[in-house]
Structures are given as structure tokens and as C-alpha cells.
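Across the two complexes that follow, chain A remains constant while its partner is chain B and subsequently chain C.
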Partner chain A sequence: MDLEREVEDMWKFLFRRTLAMLFTVWVVSIISFAVIQLPPGDYVTTLMSQMVSQGGRELTPEYAEQLRELYGLNESMYVQYGKWITNIIFKGQFGYSFVYKRDAVELITERMPMTFALSMSSFVLVWVIALPIGIYSAVRKYSIGDYIFTFLGFIGLAVPSFLLALILLFVSQKYLGQAMIGLFSQEFADAAWSWDKFVDMLKHLWIPTILIGLGGTAGLIRTMRANLLDELNKPYVETARAKGLSETRLLLKYPVRHALNPFVSTIGWTLPNLVAGEVIVAIVLNLPTSGPVLYRALQSQDMFVAAGFILLLSILTVIGTFISDLLLAVLDPRIRLR
Partner chain B sequence: MSDTLIEVNDLKIHFFTDEGVVRAVDGVDLTIERGKTLCLVGESGCGKSVACRAFLQIVHSIGKIVSGEIIYHRRVDNNFEETIDIAQLNPKGRQIREIRGKEISMIFQEPMTSLSPMYTVGNQIMENILLHTNLSKEEARQLCVQLLDQVGIPQPHRLVDEYPFRLSGGMRQRAMIAMALSCNPTLLIADEPTTALDVTTQANILDLMRNIQKEYQMALLFITHDLGVVAEIADTVAVMYLGKIVESGDVDTIFNNPKHPYTQALLRSIPKISRTREKLDTIQGMVPNPYRRPGGCPFHPRCTQAMPECSTMVPSVTRFSDGHTTRCLLYENITTKQFAELS
Partner chain C sequence: MAQVPLVTDPSIEFADPFDKAEHTQAEVASQWKLMWWKFKRHKMAVVGGIVVLMFYLVALFAEFVAPVHFTSYNETYVYAPPQEIHLLQNGRFSPYVFGYRFERDPASFKKTWFIDESVIIPVGFFVSGEPYKLWGFIPGNWHLFGSKNPEEPFYLLGADKSGRDVFSRIVYSSRISLTVGLAGVTISLLLGILIGGISGLVGGAVDNAIQRLIEILISVPTLPLWLALAAVVPLDWTPVKVYFMITVILSLIGWTGLARVVRSKFLALREEDFILAAILDGVPRSRLIFRHMIPSFLSHIIASVTLAIPGMILGETALSFLGLGLREPVVSWGVMLRETQKVTVLATYPWLLWPAAAVIIVVLALNFLGDGLRDAADPYQ
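Then we have the complex of A and B:
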């Protein structure tokens, strides 16, 4: 087998995967748009009932009709979708937020980077914790350490992250005299980006990072442990041992490398989990991420905002899966060289 | 300086499982001569693989060497020999790791899974060379290509960069042999190297092993349950039954003058081409449950010549002439009374 052919195979693989990814994104965009149209009524209906419940004046049907006309809510779903998606692709316009009375794209560019930063740092944290502990637990199966990690892992799995967040709020308020909320200190919250602001963000970031990451860590530790246990007694490990390799070198080069495969393919499903976990933690800790905005948008049928966020979050997930597929191909010649 | 390479004395390896203790190897004595081939034969589950893994201290971690010794006569140079008891070495220690793959190497039964699919054949063979010699990467690669050529792999320059999962079982086993040979071992252990292969490939691999053994002048411990193979390649034979060597001797003696009823039954079970019409004589009964091994002579529930005392008395080793030994009560009183007459 020559290098040229291997490189060519790799390009073919990339091409196939990219096509598949684009198709998935297209389907996802349709679904995102359809889902937020599912509940009965639209933004104007919500607005009307809000005004009634707040004891205000009722909207006249004519005015309601005017509003619908203004936002294009009367047109068929296909037309609405078509307008929406062409605006996104060709103009980078995500529509208008009825609730915030602002351009949806402003909200998105304000919030998405924070969500991205938080998800990434949680993801890195999960891996940094789960990988070595998983290896340790498999190699020292049924040792005291294994039991302790299993126990801690189950606690992490069982305690919901919002509860941890609430406890943390309480403790920080009571003992530090300041609730650990938000991602920035007061003086930086509305300031423009600067190095100091960045450092300030890092100082705040670790708390939600841990809260969001904790739940996923237990699952990944179990995955790594189980994968590695499967590999430890395979014949190729015995071959390597019979060569005289030291246990550590042997472990890392053979069984861990093999066990990494199914571990890498979990990237696809850890990302959406992290994003979902982020919504709850962000609401409790009042973080400037997309979670709280998305939540509110869904509640009040602020459709352009909701659809925009859902679309972007889904694309992130699809990209995550794409990256995990790529990594798998790099790691495993059996996938690369079909 | 002796011609003996390895002497195994009363080796016992027990597995401590949740269901109980498996006495997989239960008092094995063996001698391996320099440059000679010893065949270890016996039914499935009698402890052949466990015993030979002990030579490299790579028995599965729940298995422990509980007693006995594996004396390795290591030739340091042409006029000095040191003896090492391998059974006493730490399985993770430096000393045994220097022996593994260099002085004693091993080929396994499963060519399909004994090489990792993640690395190229060359990578996995060169690893052994780089570990035990001072060769550079480039030199190791050259040696690797040369070895692959020697074990009959076509286009070794190309296949050195091929992944194992793109090779056939026979080719993989050849690659394993190349790996085992790479550091000029004094002993090669082959644990049923042909069992997983088709008949033609089996014959080819067997030829190859015979040739390389002559060429490298190394000792070969060949494990099999195929007596046809034994007849072809063995100098001496050891017959194993339930963790014990029940009979051993040179190959002609074992085939022409077997003493132990188990060996006799094994030999009767070989299909003879000249007498195909005759019903195949198989050994009656099953291999007993490993957790509840019979007392007395372990073979007594299946032995056609069993005597009343066989179920209680454990036979000890009876020695005939020329290193022919057996463990059977039939011969025990003979040794004491009529040994002189017989030999």
C-alpha cells in the first residue's frame, strides 16, 4: 500500500463526509423551522393573550392583522422558510426579535460565542478528567480507587446540575458574600472586549464549566473503562507483552489506542448534552449565553430568535460529529482504508 | 557446558477464580535441549498454553505460579553460562522483559488477532528489533524486510507498510514468525501456530518452521494436539493430561512403544489412511470439569486399564531407559521389582 493511495482515500473520505454534513444541516434547518411553528398560534396570539392577562387593552383584530402582515406571518410555511433561509445564507440576516425588539442576529452574535466557549471548556474538562480516570479504573479494576471513582461518578450523574448550581449560589453568597453569577464582574459586564475582560471571564468560567461538565464525565469514565477492559485481554496485547515492552508503553500503544475509537465517537453525542446542560445552568447562574434567550424565545414564540439559535446549535453538533468522524479515520486505518 | 536449555521442575500454576481454584498446571516436569524440538501434546484445556506462557511470565494475572522452577541456562558467551529461575522473576520486571522477544519468543494460535490492526506489520516487527538491539530505525526496517522475505512473504518491500487486516491468515502468521525470529532467539515457543489455518497453509507454515529451526539452530517448543505434526517435527515429545505430563520421551519411543494408557489412546485416535474403513478409535469420556478434577490418577475415569487403586493413589514418575518416563500405576511395581529385567 502506498502513501499516495492512502492520501487519495482520505480525500474521498473527506468529500463523502462533507456532502453528508451539508445534507444534514439542510434537514436540520427545515426541522428547526418547523418545530417552532408547531405550537398553536403565533407571536401575535401570544402578545394578545399577554396584554389581556396584564389587564391591558385588547388588540383589535385589525391591528393584529396588521402586525401579522408586517412580519409576514400570514404567508404559507414554505414561503416563510424560503425567505428565512435565503436571508440567512445570502445576507446573514436571522430575522427580527419580537420580544427584544432588535435584530435577531445581534442577539445571536452576542450570545453564541459565550455558549461556544462554555461548551468547549466543559468538553475539554470532561475529556481531561474522564480519559485518565477511565484508564486507571480499567487497569486497576476492582481496586479501592476504582470503587471511589465509580461512586463519585454516580454522584455526578445523579445530582442534577441545576441543583449543584443552586447550592453553589447559596454557598458563595453565604461565605464569600457575593453570589457567583454571570460570566463577568460588574465593571466588565458592559465593557468592550479587552485583555482584562478576557481574564475576568476566565475567572468566572470555571464554575459553570465544572457544573456543566460533571454530569457527562461519569458516563464517559464508564465508557472508557468498559472499552479498555474489552481490549486488555486481546491477543495483540499478549503479543506486545511477549516482546518485552514495559507495561506502560504497551498499555498506551495498544489497548488504549484501540479503546479510544468508541470513545472518540462519543464526541457526537456529548456536544448536544453539554449544550442542553448549559441551558439550565445558564438560567440559574444568569449567564450571558444562548440558553436563557433561547428558553425565553421558545416561551413567547419569538420565532426568528428561536429558529436561529436552534439552527446554529444543531450545526455545532453536526460539526462535532464531523470532527469525531475525521478523528476516527485518522486513528483507525480500518475506517480510513476501506 | 550442558546441552540443556530449560528445565522445568514440578511447576504448578493455579487460577484463583470466583468459582474456585483451577489447577491448570499441576506438577509439570520438562526438559528442553538446545537446538532441539520438543512437542507438547494433549487435549484442549489440559494446560499447554498456560504452561508455556509461564516460560515468559505472561500467564493471565489471576493465574499464579504457586510452586516449582523454570531453570533457564543462559549462555552469556561461549564459555560462560548462568542459570536463572524464570519462575522467580517479577512478571513486570526488567530481567524477564529482556528475555522476552529476544532470547525466548513466542508465536500464538490466533494469527487474525495477534497483530494489532492499528499499526503496520513493519511497525510491529521493528518494535521488537528496536527494543532489544542498538540498530537504527533504518537498519531495523531493512532487517524487517529481510525477515519478511525469509519467511516467504511476497513483495516484502511493499508489505512491510501494509496493515495486518489486509493480509490473509497465513501471511499474518508468517509475519508473526518473522517478528519472533527478529532477535535470534534461543527458544521459540509456538502455541498451536497452525490450528487456525487451512490445511494447505498449515503444511506451508510447518515447513517454514522446520527450515528456520535448522537455520537458526534454536530450540523449538511446539504445542499441538495433532499427532501427525508431532511425527513430522519432534525430537522429543511430552504428553500432557489435566495439568500433568503423563509420558515423555523421544519421538520414536513414544510412537512405537507408548506406555501410558492415555498416550496409547491418543495414538489409536489418529486416523490411518491405510485403514480408512475401520472405525476411528476415539478416547471415551469427556475432559473433566476443571474445578472438580478426579482424585488418584486424573485419567482413571476414562482409562480402559484402570485398577481399583487408581482412584486413590496418585501415580509418580516411572523412568525407563533413555529418558522415557511415564506416570501410571501399571508400571510402578515393575520399577521396584523388575526394572532391571525390563531395561
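Then we have the complex of A and C:
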């Protein structure tokens, strides 16, 4: 158990996981690209018909040809995929949005940070709520508190976040006279970033955060409770108790630490759920995140924008899973060896 | 596994712990019987099961349960509010609802509805009303309940923008909303058993590849992908085709969880003595799988399936709510909720949110049922 070998193990593990992550990102990029290819016709024909129907300036044949050239639409699928992905990786070009008449990359850089902030804050909230409640439910098994949390947990699982958002809209409109829509008050909506705007955002942020986080919390409470219950019956807990360790110290130092391992690995499936929840809650509450843009893009078959967002949202969750794997490896050295 | 431990089931009362006859009852009981005993102890699961059963019965007999057909409209009663049922009249049991009166805003021509307490509309069970064809071919006009005079308005949960009965629409919607889950789960189950079974039985590189594929599919956020796939469904498709497409889309991602369960069960069973015995006996592979392996984890599969249905129901609701799933004239809970997307509509006509209650109740019940089934699936624990 010398340190040198442990460090070497860690590097090997890191290398393996990074390779696996890159592979996953590659497959995800193929799935996202397939989304562009699904609707009939190509991007340029859609763009042309769109411009004609809106009575705007017509696309010149030269420009159309130029666009086809840029994205290689005259070539085979493989070449098209290659061009699309190299444009993204080396030029940061995600294509053109014919709904917003802008570069897709602008839309993405505008919306993704908010999505990221919202998903992360929901994620932190989920953990902050689920961890202590899970521990409580396990230690006080079958107590009234445990039953209440179990019941609330089930409701949290059963009520989808967009229905909660709808109910919240109704309640806020009915009793506060104003629907809680958006992330900013009116005076800040179009203002440049400032400290006041930031504070204003925080005041609005907690509502969607709770709405998105609630579903995930229920699942995690149950996971934590089950993990800890398995540990609490083990002989080492009894030994520690016999040695006269205080209950709190005993609980937090051994069984909780042990039960945390499977808990950490749940990041892998909570994160995609949170991102999915973010998308639909954002559509209902009209938040300035990726949800509404993705929704509009899909409805009007603005496929480059849609594919870009799906790719980035997926990468966000893949990176989250990667981080959870690393955390797990730090917490539990046995995992590195597998 | 060979020795059946004592079942600690309060429903089997041992008058005397050494009573031989009572004792053997638990020892010789079949696996399914043990599971039933264990399931019965889980009260919430039993309640959940009953609720689920009722929902499916309502869906089956929708024509009979709903007072009117889901397309019946009456432009007089656009956005009429729900009527409260009063049970007693002059101290006798004779249920009735009050009628409506409205005032028209002179400027906007918008109707404002009031409950008119001077008009009494008697309602009752098993009334004859709008004629229907049960399942499309059995004619009838008996309804579970409704107003005694079919001409009088009866809107238990209010009316929508065309003056259609919200309650009747919820009842008919359950047909679509509840079967999307079943159909989707069936497709995922077939895929899951096939792929998970191959993964668990063949092992090695194949297993590795399938596991990686599942990991990748799980790491893609479901909703954006569903949205993307649903957005591609052409607008001019027939409702049946769209319905089928939506179930396929839902199960494309749903099979992964079931495949994992099946695989882990196959892996665990490979080590069991009775499987080894069967192999040594020279049992052919197909018989080994269908006669020995599948029956021993069928209960787990049933539990996983029950827990997978709610996700499908919610998926369909979300897609239809966003207008990317089923569309009018097909009616599902998600399609109905689509009307509540505008905050002003929602605030003025809050009863349009009732389909959400149906979604929540049925999903909750399925979760409880599945949880109980999962616990009961291993009666020897």
C-alpha cells in the first residue's frame, strides 16, 4: 500500500475514464447529428422556403451554394458529419439559426450558462435536502418522521416538475396577482449585467431551482435511506458502539461515509433527470435558459440549433458523470482497481 | 434457497408455534402464494393496486362512466364552472346540482358564470342519456351517473373552451394515457429481455459493448431527445400512427433499465445450484431459459415493469402538453393540459387543471404498487 502505487493507480483510472468519456461524447455527437438528418429536405431548402414564406430577402443561389459548401450538404452523410463536428471543435461554429437569424453559437453562449447555473443549483439543493433527510429516515426507521418523508418523497416522484410549475403559476397568479415567470424583474430583463441584476436573479432563481430539484430529491432520499440501513446492521457499528463512541460521531464517521459511495454514483442518473427537468420547467416558466430555445428550434425544425443544444446538454451530463466517477474513486480506493 | 425460512406474516397466525398443521402451510406454500402474503402486508401497495385497477376499469368502460362523449360540445356553456353535487333535498337523499346563469360583459362580450340556486337539476346513478357504442359496437345509452334530464347541463368538473365536459374528457383520455404506458412498456420489455438476456448469457465482449451502449443512452437527458424525435413526426400523420410513434419513442430509451435488471438476474442465476443441475441434466438452452430461469425472476420483471409505466405516462403527458406528442382531436391528459399553458387561461379557469390530478393519482398509485411488488418479489427474504 505504498503511496507511489496508489498514485499510479489513480492515473491509470483517470486515463481509462477519460477515454470512456470521450467515446461517450463521440456517440452522443452522432445521436445529435442524426437529429439534423431526420426531417425531410436539407437545411438550405428549409432556410430558403422559410425566407420566401416570410417575404424577406430571398436567398441568392450563390449564397445557397456557399452554405451547401460550408456544411457539405452535397456530400455523403459521413462527410457531412465530419464537417459538422470539425466546425464545432476547431471553429466553434454550430451552424446558423434560421428562426433567430443569427449564428447558433451566439444563442448557445447566451443560454447555456443559465442552464448550467440552474442545473447546478438544483443539484446542490437536491443533495443538501436528500442527505440529512435520508440519514434521519434510516436512523429513525418507521418513525412518524420517516413515514412523512417517505410519503412526501413518493409525491415528489409522482408529480412531474412541469405540473408543479403549472400549479405554482396558478397559485401565484391567483393570490399574488402576478405570475412568477422568467428569471428577472421587468426592469432588469434587458439591462446589462450588474450587481443589482444578479441579486434580482437570485430572488427569482430559487423557485425553478426547487421545482426542478424536487423530483430528484425523492429518489435520492430513498437511496440514502436504503444504503444506510444496510450499513447500520453491520457488526462494526456494534463494535464502535460498544467502545463507547458517541452516537453522532459513530454515525457520521463510519456508516454514513460508507453509505455515501453508492450515493455519489447516483449523480450519473440524477444529472440527466435534472437537465431534462430544467428544459421543461424552463418552457413552462419561460426562463432565459436553453429549454425554450430548444423547444422553438424543434417546433420550427431549426435543426442546427436543436442539435447543438442536445449535444451540449448531453455533454453536460456526461461530464457530471465523469466527475462523479472521480469523486467515487477518491472516496473508495477499491474502485480504481476495477 | 433450499430451506424456506419461517414466514413472519401476521396474517398467518400460529395458534401454537409447534402446531404442525399450521406450520406446514407456510412451508409448502408456493412461491406465488408467499409473494401474495407478503404483498398483502404492504397496505399502501394494496391501495395502490386497487386504485390502478379502478383507473383501468374506467378506461375500459369509458363510454359508460362518462356522462357524455368527449367530443360532445355545447357552445352555450363555454367555460362553465364546476357544479357542486348536493346530496340531500329536504332531508331526503336526492342528489342535485344548481343550474347556471350568466352575465355578458357589454364591452368584451365575455360571459361571467354564476351558479343559479333557483334552478335545481336532479342527478342520479344509472341514468339514460347520450347514446353510445361501447368499444365501438355495443350500443347503449346507460351512464354510470348524470343529470336525469339529458337536456340539462351537468358539468362535474366544469367545461372547456368549446363547452365540452372536462370530466368526460378525462375519462376518455385515460384510454390513451394509460395504454401508452402499457404499450411502451411492452416494447421496452421485449427489447430489455432480448438485449439484457444476450448480455447476461453471452457475456464477454458482447456484454461489455451492450453495457457501454446502455451507459451512453442513460447519460443522454431523456426529454430533449424525446422532444427531438417527436418533433420529427410529420404533422399530417393519422392519430394512430402518431400514437404508435410516441410509444416507440418512449420505449427507445425505456428499455435500458429493464435490460439491466434482466442481465443482473441472468448473471446471478448462472451461479445457482439448480441451474447447474439443469445444465448437468442436459437440458437444452431454450428450455433452460424459459422453464428454469425466466420463472424464477418473472416476479422481479413484473415489479420493474410496474415501476416503468409511470415514467411512460409522464413522458406522454409532457410531450402532448408541449404540443409535440398527440394532438387534437385525440384526447389524452397531456393534450387536455395543453390548454392550461397560458397563465391567464389557467388563472381564470383553474378547473382545466383537473387532468393533472388524474396523472398524479395514477402515477402515485403505480409507484406504490410497484414498490410493494418489488418487496414481495423476494418472499424468502
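Things to note:
Here, the second predicted complex is superposed on the first by the 296 of 338 C-alpha atoms of A that agree within 3 Å, B and C clash if a C-alpha of one lies under 4 Å from a C-alpha of the other, contacts with A are read in each partner's own complex, and residues count from 1 in each chain.
In this section, a residue touches a chain if its C-beta (ideal position, glycine included) is under 8 Å from a C-beta of that chain, and two chains touch if they have at least 3 such contacts.
Keep in mind that this is a model prediction, so the values were computed, not measured.
On the superposed chain A, the two partners chain B and chain C both fit, without a clash.
Of the two partner chains placed by superposition, only chain C is touched by A:295; chain B is not. Once chain A of one complex is fitted onto chain A of the other, the partner contacts of A:69 are absent, as it touches neither chain B nor chain C. Residue contacts after overlaying the shared chain place A:196 against neither chain B nor chain C. Superposition on the shared chain A places chain B and chain C such that, viewed from the Cα centre of chain A, they span 80 degrees in steps of 10. Once the two complexes are overlaid on the shared chain, A:28 sits against chain C while remaining clear of chain B. In the superposition on chain A, A:106 contacts neither chain B nor chain C.
Within the superposed three-chain model, A:8 lies out of touch with both chain B and chain C [touch as defined at top]. For chain A, the partner with contacts to more residues, out of chain B and chain C, is C.
When the two structures are aligned on their common chain, the gap between the nearest CA atoms of chain B and chain C comes to 5 Å.
Across the superposed pair, chain B and chain C touch chain A at no common residue. By the touch criterion given at the top, residues 212, 215-216, 218-225, 227-232, 310, 314, 317-318, 321-324, 337, 340-341, 343-344, 346-347, 350, 353, 356, 359-360, 363-364, 367-368 of chain C touch chain A in their complex. Partner chain B is touched in their complex by these residues of chain A: 1-2, 233-236, 238-247, 253-254, 257-258, 331-334, 337. Contact residues on chain A toward chain C in their complex (touch as defined above): 20, 23-24, 27-28, 31, 35, 38-39, 154-155, 157-160, 162-163, 166-167, 169-170, 173-174, 179, 181, 268-269, 272-273, 275-277, 279-280, 283-284, 294-295, 298-299, 301, 306, 309-310, 313-314, 317-318, 321. Across the complex, chain A is touched by residues 56, 58, 60, 92, 96-102, 105-106, 108, 110, 113-119, 124, 127-128, 131-132, 158, 161-163, 165-166, 176, 179 of chain B.
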